[in-house]
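What follows is a pair of complexes built around subunit A, which joins subunit B in one and subunit C in the other.
On to the complex of A and B.
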């Protein structure tokens, strides 16, 4: 069983972003959270099947040496990835069709590829699903668990807490929303050691220009008028108690 | 012509897609289930998988294809975009038809809107809650098509979660998010819930950590809360979460005064929940005693 996992980096919303009309300017990048779940599930699946796990970072040229990508790959190595690749896109694009076509040739020999169902900066496609269409692979998104009984059994969220079990033909791409176990913590010492030891094969690819989607402007949603309480904690607690009283909660 | 693919697992959102399609022009709605009150031309199929989607796309050559941002739509839409290469926009909250489509998408965890112009034909994955489902209800003109293509993905079992409490029916829900910091702090939320005669729930990161059971998850993948009060503690308010918040009164506590959760709140409190909760609980205890 040859297993692949994709990791990407995205703007850190906790650190904040600057919204300009023509672009979003992040202060810092972090590994994409759903890809972290995809990686975790891929590690679980490797443990279940005894397969090999190859983790592929996908990053724009201008961010090829960003520490968040190094961290994402080092986490993968520390968790047991057998090999690491970094695919560098020669230009930045928001269009996942273009990313999928740029990287497709490098995902032709896997049985199962796991990727986060989406990333927080996406508005033009979901990479996993589009890649499956380009490659002619099966695709299931919303994945919360993967088993193998000689064939692939995938658990997918159907909404309202309901989960569907699906039999899926391989090769398959799985859009993971949540790994079946909490993400394992990698201590800083082990992470630093992984950064020193890991070997990453770098591959540069050209991103095709498919056109068809033009960004007119980015902007912040309007803020509705609300009662916003600020101040010291004692004062805020008193005000909240009044709010609770007005709602007959106390 | 607009081609709408109904949502297989969450039926109600299909009516919202129809409401949108009516504003865009002529449309046809493809459904598998027995929808008997969709307004307009309805195509009923035995299976709704990507092969059927591709066949109907090729047959009708629509200028726009609508899917819901829901379990079925999120699988079928990107597959179609990957096969055909036509443009695809996700998290759509507004769509207008003209020489090109004008779409607005909500992205970056609900912190950014982006206006787009999109060539035809194109695919749109539409968020729920932006179009009135009642506008999609009416009298259908049904055509049944025999398109029985086997899929490479086969549903073999549906598993419903074990429920201790149905949070969707609770009048008061105290919900915790990543801002709670540590599992031990959930006890504070539980105590607050108890003092307010409510139940405790959480956003996806809390459920992913295993700090609360799946039955307590609020949002697109979990439950929709519809009671009197929803208290969001340290929850940023990502789109997937706020889609599940339909309570009459939302009170949100967050350190980030720009957190998207404040956009749906009646009362917002800018504070660290872990500093606020002990003080608040103490005051409520005093009142109760």
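On to the complex of A and C.
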């Protein structure tokens, strides 16, 4: 079983971002959380099947040396990836159709590819589904578990607390929402060791211009006005009545 | 820096096995004393989880001698420890159980990827953001912005007599930062020249060390020391007993626990105290009491407040029962619940009720959420309240 997993880096919303009219400037990048789940599930699947796991980082040229990508690949190596690749997109794009076409040729040698079902920086489709479309592979999203009984069996969240089990033809791309086990912590000593030992094959690809989407502007929506009522129960009741009156509700 | 913890590489030349690493770590952390265990069982008899754990420290040492380390690790007993130091303080062979045997076993679990879920998340967040809550370091001084006076940062002020260190819980935790604000207000009333590190502060790492993540502890210490070295201050004051322990015993810095700081200023405070009408008991935090021998200063501060009736817990000073949060215990609840039906904090608040207290005064910010949760679980919420010693002092200063 040849297993692939995709890792990407995204703006770290914990650290915050700065919004300018034509771009969003992150203070820092971190590995995409859903991809961390995809990686964890890929490691679990490798353990179940005894297959090989190749982890592919996807990053644009501006961020090719960002420490978050190095961390993402080192975490993968420390967790048990057999080999690592880094695909460098020659320009930044948030359009996943363009990314999928740019990288598709490099995802033809796997039986299963796991990718985070979403990433916060995409606004035009999710990579897993579009990549499967480009390659003509099976796709399941919302994946929460993957098993193998000679064929691929995928558990998918269906909403309302229902989980479905599907037999899926390989090759397949799986959009993972949550790994079947929590993301394991990699101790710093193992992470540092992985950073020293890992070998990453770097591949540069050209991103096709498919057009169709143009950024008009980025902005924060206006915040709703919030009035905090304070006082004891009686006062609060009076104040609430005033508010309801002003809204013509009473 | 006082820390001499070695960072062992994992099998870099394929000659050191995981078992060798564990034995090296045990030798290093216990000064090779783990061999000297006389199997008396004092440790297990003293342990708050002794009745529940499949491996008391005595049995752990025996199992290590018999080469049954994996049996211990598979049982999860290494996580069933609140690092309360009771076993270590009573061990007749003076074996470093809490700072040695347990973290060494935990380190092996971490390296094998067997980490309890909440702890795993906390460690990932500490490594990435310098705090366990996945909060932005930029918001570390958020508590200070809730005050009606400015708390200066060292970045702005460059030097101050006192560096106030709230640590992670004191900086971010909704309830604990109330204690931080109270301490800052007391400092302001005392006209102390103090400042904070704000966004430059990060976890001091005592729980990280006690959980066996030694490389991360060293990394945090190195980064913190770099920040400390940029500024001039006479001493650090913290209300986090674990931060106090790390800064005193591993960083080798001049640090006061806030109960010591309040005690040092007691004559001045006495003149400003108003009367309070409380029956107060004081909980000895493990890392103030058993680990660092601070017992009398907080008691003297509490007793000096007019109107306060002071009663002791039945188990006090060296015999005080742990709150259950230490050594990463605050992130190990689901593991502990597999073994333990009643948390130590629940026993502790029932004990406060037995001695007739209506206020439990604490000396470590971690105690506050532990006891407040326990009050809800035991149905004592409303009968007993939990206050940090700085909160009690501020109340006495502000007139109750």
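Brief remarks on what is shown
What we mean here is this: the second predicted complex is superposed on the first by the 226 of 250 C-alpha atoms of A that agree within 3 Å, B and C clash if a C-alpha of one lies under 4 Å from a C-alpha of the other, contacts with A are read in each partner's own complex, and residues count from 1 in each chain.
Just so it is clear, a residue touches a chain if its C-beta (ideal position, glycine included) is under 8 Å from a C-beta of that chain, and two chains touch if they have at least 3 such contacts.
Remember, it's a predicted structure, so these values are computed and weren't measured experimentally.
On the shared subunit subunit A, the superposed partners subunit B and subunit C overlap sterically. In the superposition on chain A, contact is made by A:228 with subunit B only, not with subunit C.
In the overlay built on the shared chain, the residue A:215 is in contact with subunit B alone; subunit C does not reach it. Of the two partner chains, neither subunit B nor subunit C is touched by A:108. Counting residues of subunit A touched by each partner, subunit B versus subunit C, the larger count belongs to B.
Once the two complexes are overlaid on the shared chain, A:182 sits against subunit B and subunit C alike. Touch criterion met: A:120 reaches subunit B, while subunit C stays clear of it. Comparing the two interfaces of subunit A, the one with subunit B and the one with subunit C have residues 14, 182-183 in common. Interface of subunit C with subunit A (complex): residues 7-10, 12, 107, 110-111, 113, 115, 117, 119-121, 123-124, 127-129, 134-138, 213-216, 219.
Residues 9-10, 50, 70-71, 74-75, 77-91, 102, 105-119, 122, 152-161, 163, 172, 195-197, 204, 207-210, 214-215, 217, 220-223, 228-229, 236, 238, 249, 251, 256-257, 260, 262-263, 265-271, 275-276, 279-280, 282-284, 287-288 of subunit B are the ones that touch subunit A when the two sit in their complex.
Chain contact summary for the complex, subunit A toward subunit C: residues 14-16, 30, 79, 182-190, 192-193. Per the touch definition, subunit A reaches subunit B in the complex via residues 11, 13-14, 17, 19, 24, 37, 95-97, 100, 117-118, 120-135, 138-142, 153-169, 172, 175, 177-179, 181-183, 210-221, 223-224, 226-230, 233-234, 236-241, 243-244, 247, 249-250.
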